[in-house]
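Paired with subunit B in one complex and with subunit C in the other, subunit A is shared by the two complexes that follow.
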Partner chain A sequence: MSNNQDDREGRLKKKILDRFDDETSQEIKILKSRPDFRPELEYFVDLLAGGRDPATISARTGRPVVALMCLQAPLELFHVYGLQPFKIFGGTMVAQRLSAPQLPAIMCPMLRSALGELHLDLAGSKGQKFLAWVTPTTCDWVVKIQDMMEVCGITEKPPFHRLELPHLKDRTESQDRWLEEVYLLRGFLSQITGKKKIRRQDLARSMNIYQKSWHVFSNLIDLKRTGRVPEIWFMVISNSFFFDDAEKWTESVKKALPVFNKREKALPDIFLAGSPIFFPNLKMLHLLEEAGLNVVMDDLCSSERIFPGAVYFDDFSEHGLLKALAQRYHQGCLCPTFSDNDRRINNIIAPAHKDLYKGVVFHVLKGCHPFDLESLTLECRLKDMGLKFIKLETDYTSEDSQTLLTRLEAYRNTLAN
Partner chain B sequence: MGYKIGLDLGSTAIKMVLVKNNEITWSRKVPTAPGQEALAMELVKGAVNECGLSEVDIDHIAATGYGKKLMSSAGHTVDEISANAQGLHWLSEGRCRTIINIGGQDLKVINLNEKGLIADFKMNDKCAAGTGRFFEQAARILDTPLEKFGEMSKLADEPLELNSTCVVFAESEIVSLLAKGVPKERIIKGLHHSVARRITHLLGSRNTPKGGDIYLDGGPSQNPGLLEALEDELLMEVKVLPNPQFTVAFGATLSAN
Partner chain C sequence: MTLAKLRYITQHIGFLVFTYGGFLQINLGQSIPCLSCPFVYSCTGFCYLMMLQRALGVLFLPLNRAFSGADPWSNIADNFLSLLFGLGIFSVLVIVLGKSWCGWLCPFGLVQDWITRLRRKLGIRESEILVRQKEKLSVIKYILLGYLFIMPVLAGSGVLPVDFILAFCNICPAKALMPLFAGDVQYIAMDFSTRVALGFSLALLIVTAAMLIGMFFKDRFFCLFCPMLALMNFYKRLYLLKLAKEPMACHGCGNCRRTCSLDNETVYRERVKSNVYDADCMGCFKCVEGCAADKSLLVKLGPFKVFSSSRRYAARI
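Take a look at the complex of A and B:
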């Protein structure tokens, strides 16, 4: 019986792995056959196509890979310890089939897909596992990820570190607490790498590398504001950030900037808010394009928010640098899991006062509760201002594409009213 | 000359109107089946023949509904929310401010401004609860034609409290009620009220119209029992125009302007 069970599981994994490859390559084909595809974008598409297992990423970056469950952990710290942080994400529909039977029916599809991918053993398929796991305690799903991995039968058990995130930003005690967590992360990274000390010059250098990435990325954001960067390409570029060395990625973004030298069509500009979107599930972005809507701003943590912004420091001591990092990653983060989060709402509303967009499309992945809850506040605030808002709840299936498109088309018509 | 055709290719029926000078001169519907374009073109042919016209009399074909993109012969397509808004604004002579549309597989609430433009709209997510499909399923389980739902619900004093508007769960609930000997009339009245509550939730307190009239359209709006339940839940008068299942197809022809 046990052998049969193993056999069945093996066959299921093989079947799903084949479909996983199909799902990925299908989206790659769509991207490469777009009329606005240019050779400068090939690097990013190839990164996404080239696998997300630790062996591939480690070979590409020359660094051991640490899995990150959320962007909240300061990336610069991993870098200075010679590690490559890799944000775990799941964008495939088919991978969910492996994890779904063990998990709640209504659950974040992104994490369900990520768990399916891990179960598929993509992580260890080439004989190399993640060196460690780091989990900032942001949303409920991420908080319980270790339990869910166990339930899903994911046997990989590398060192696991939790970063406790204080969900109040404005309290000094919370900020101090978060700084302690950053110190604890440093201790953990020191332990797994065996590097007892880091030089502050090296930390400052790592911070500068990410600063440059942010600077070039913000140039891309500026271009997007003018309507010249299709959101699909923006997402491909931002999604691929963790797949390579930050400096190489930054150089490639710099080379890609001139590609977006003109606005193709005069479509209504919108702000895309809400749950993250990950390759290859670009359904929502394709539908937005089909409906004739142009995303000029977004606040997705898989897109414009992959960096918390520029890290400023004038205290060059190690403590000063760590404090600057802690501050930026806590204060700069606009995740809806924070409790005192007016800045997030204002970040969406303020550009409307300057007429930078016509309306907000709020994307909610079914089961992504923080965004779902927040959409209520945002909807009230925007509608009170006479602005257009639409919330679209969806998952990774394609069966709702037609109804979503109908809504988006009607929504586009309302923007002219 | 001067005729327009509006086609609404919905999930359960294809509706067609022939329009001259913004007035419906002919209308018909057929159940949706594979080969939607061929079915729609049969309707067009039927209209042309029955009205003694020839194809050159048709100036324009406008298509809407989920199958709109299948109509290669359409002069233009429009989404069904915008078509519904335009159609009801015209037919209500500008009095409509809120539309409740019950389609085969969806529910829509559309708010209009005084110019008939869409101010806001809500639509159910991918779930057929409270839609035309829900009523069809209930009719099958109750072994009662849908056309009788209205008169039968009037015979019941109090509606039964039904827990589910889910097409799947309502089935087992109805079967269990029938087994307990609950009269069909009470069950039907209960169904109307549960759908009306779902619509009221979709409408939400923020979307309750502050002026103008509220209209119900789509196939199930011909059911007086549902209309009564809806007025009872909303505590407002709800209007229904003649031939409410053709409003969207008619609106598509207006959008050609």
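Take a look at the complex of A and C:
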């Protein structure tokens, strides 16, 4: 590469870095100026504002950071090996510019943004890299992430471990296969940390820590069901989970619970389904608020599904604990990339039988094929039941905001009728 | 108090009452639908399997009498009524509590749970081989139920020696183990009185040793073979205490299947029906406790909801 090209790229990176900071700080400003902002929520906003580079997170948690794509790898296993798992995501529009030329035109904007941010070397800006990468093979984009990193010229090449995710959940063979993968992950973590063995008591303790986090998070979910937690704050809290130690985060959520003591407005309750939403791209949530819709339930993997749910275990042998984790993270996962996924659709439909919401807003990021395909099935099922459904396809740009808002307002009117 | 703790306490109360209640002159009859072993001299009530074998044996005595020239019809009405009476009480008890007799009250079940606890304390995993063979092994309980019906009939009618009237009791590991809790060791000794008695005492020791090994490596191992569970299955449509599922609310996380001591899959796999009482279910409701979906699994007494699964309850520590 010539010096001219280097200079040009350097200038572009600097320009994008400035805009990246602008985009983030602008959203932080919006969050802090909301009338429902309270000091108890500052912790979560500050975590998101503080950046996602491994050095900062490692300094905060006192643990080396492992990058994690998707949520099927048991977090407890990282914890017991003294590691901090960090789910890779990208929510900035501007970072996409760095990765865009090398990648397909229609591609998941979240990953495009994530690759852009990595290319921007944000991840290593303070000299510390991720200790390793762990990738469960979920959607096509995630499966190809390592190749895409190379194509984008991302220099960071830590040990890369793939977990082969069986896309059938109900087969015993698939469950056994996933358990094998969890054992392989344990071997990999053992290799990178140099810890030959883990004590089953320590693993059980780590499982209890995450169980406690889930318990407190469940309380927050219950408050959300009553319409007291605006989805924006819920998203900020859940998005910030990977930025700090699980116990500290849990304590902060516990402190924040009393903030949500009353329902502000009587708006139509909806279920938000579909592609994940990540800070700072909270466009869809702002639009929903503006349109007068209240999200009481969602199934986004960046929100209510950041935890797999309660991992119930009564077999305290190491195998028993790993089996419990493997099953919960595989069978209990409601990711649309699974093939036998009728229970995911049921999960969205069942609350409607109990009148817990009035309609479903399905958010699809352009290029996010599993959700896009799944929306067809869901739409048919919901319409059969006489429920209102709207699918909104968007990306990280703001050009379509007005169109989306108009559609959402019209949708709200249909809910009122 | 959690359901698990309540169950554990109830199991211990059941154990104390059924094993030592006799010291307090408590008599709960002979139709108890759990392994309250009659060979424990301080027991409070008899396991119905013993009553059933004895009643069948006595009922077929007329055949024996006819062969030996005595009046075959004396006491036949009494014997028949006695069988019906015992069956009636057993039926009522099973209909009211269903299989929860096994999961909540059976003293031999608790002994198995103690062994499981010991294994878990030692950090030894459950045997996958035994778990995978579960479907095949659980058929044996029906074979034993047939054995339990046929042998007393043959013994009563004189085809087999009289020791065969209690053919199942004579090989039931509860007979060897439960009297130990009352300080009685006679049933783990060899009985040389007759050839049949010797054969039975040897068989009992072998079965008990095999069961102890099985119980150590597999939760509730003996329950896979227990003919009481097979007998109770005939009442499954009548149980008042029911295990119900709301399939639409299920996320399929597998907690129910993993926590089931008998590795039943019905609760996990069912996607349509509400009744998920499996043939091998012992009514412990651990699946309801472990279920992480709100109101997906329910315990009902008649039309009333007693307990339902919840996301937060499952996440308790």
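Throughout what follows, the second predicted complex is superposed on the first by the 416 of 417 C-alpha atoms of A that agree within 3 Å, B and C clash if a C-alpha of one lies under 4 Å from a C-alpha of the other, contacts with A are read in each partner's own complex, and residues count from 1 in each chain.
Criterion: a contact is a pair of C-beta atoms (placed from the backbone, for glycine too) under 8 Å apart; a residue touches a chain by one contact, two chains touch by 3 or more.
Just so it is clear, the structure is predicted and the values come from calculations on it, not from any experiment.
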First (subunit B), second (subunit C), both or neither touched by A:Lys262: neither
Between subunit B and subunit C, more extensive residue contact with subunit A: C
Which of subunit B and subunit C A:Gln331 touches, first, second, both or neither: second
Partner chain in contact with A:Ala350 - subunit B first, subunit C second, else both or neither: second
First (subunit B), second (subunit C), both or neither touched by A:Glu318: second
Subunit B versus subunit C as contact partner of A:Lys196, first or second or both or neither: neither
Subunit B-touching residues of subunit A, taken from the complex the two chains share: 380, 383, 388, 393, 399-400, 402-403, 406-407, 409-410, 413-414, 417
Residues of subunit C that touch subunit A when the two form their complex: 120-121, 123-126, 246-255, 258-259, 269, 271, 286, 289-290, 292, 311-312, 314-317
Footprint of subunit C on subunit A - complex, ascending: 169-170, 175, 200, 208, 211-212, 214-215, 218-219, 221-222, 308-320, 323-324, 327-328, 331-332, 334, 342-343, 346-347, 349-350, 353
Contacting residues of subunit B [partner subunit A, same complex]: 66, 79-82, 106, 113, 115, 117-121, 123, 125-126, 206
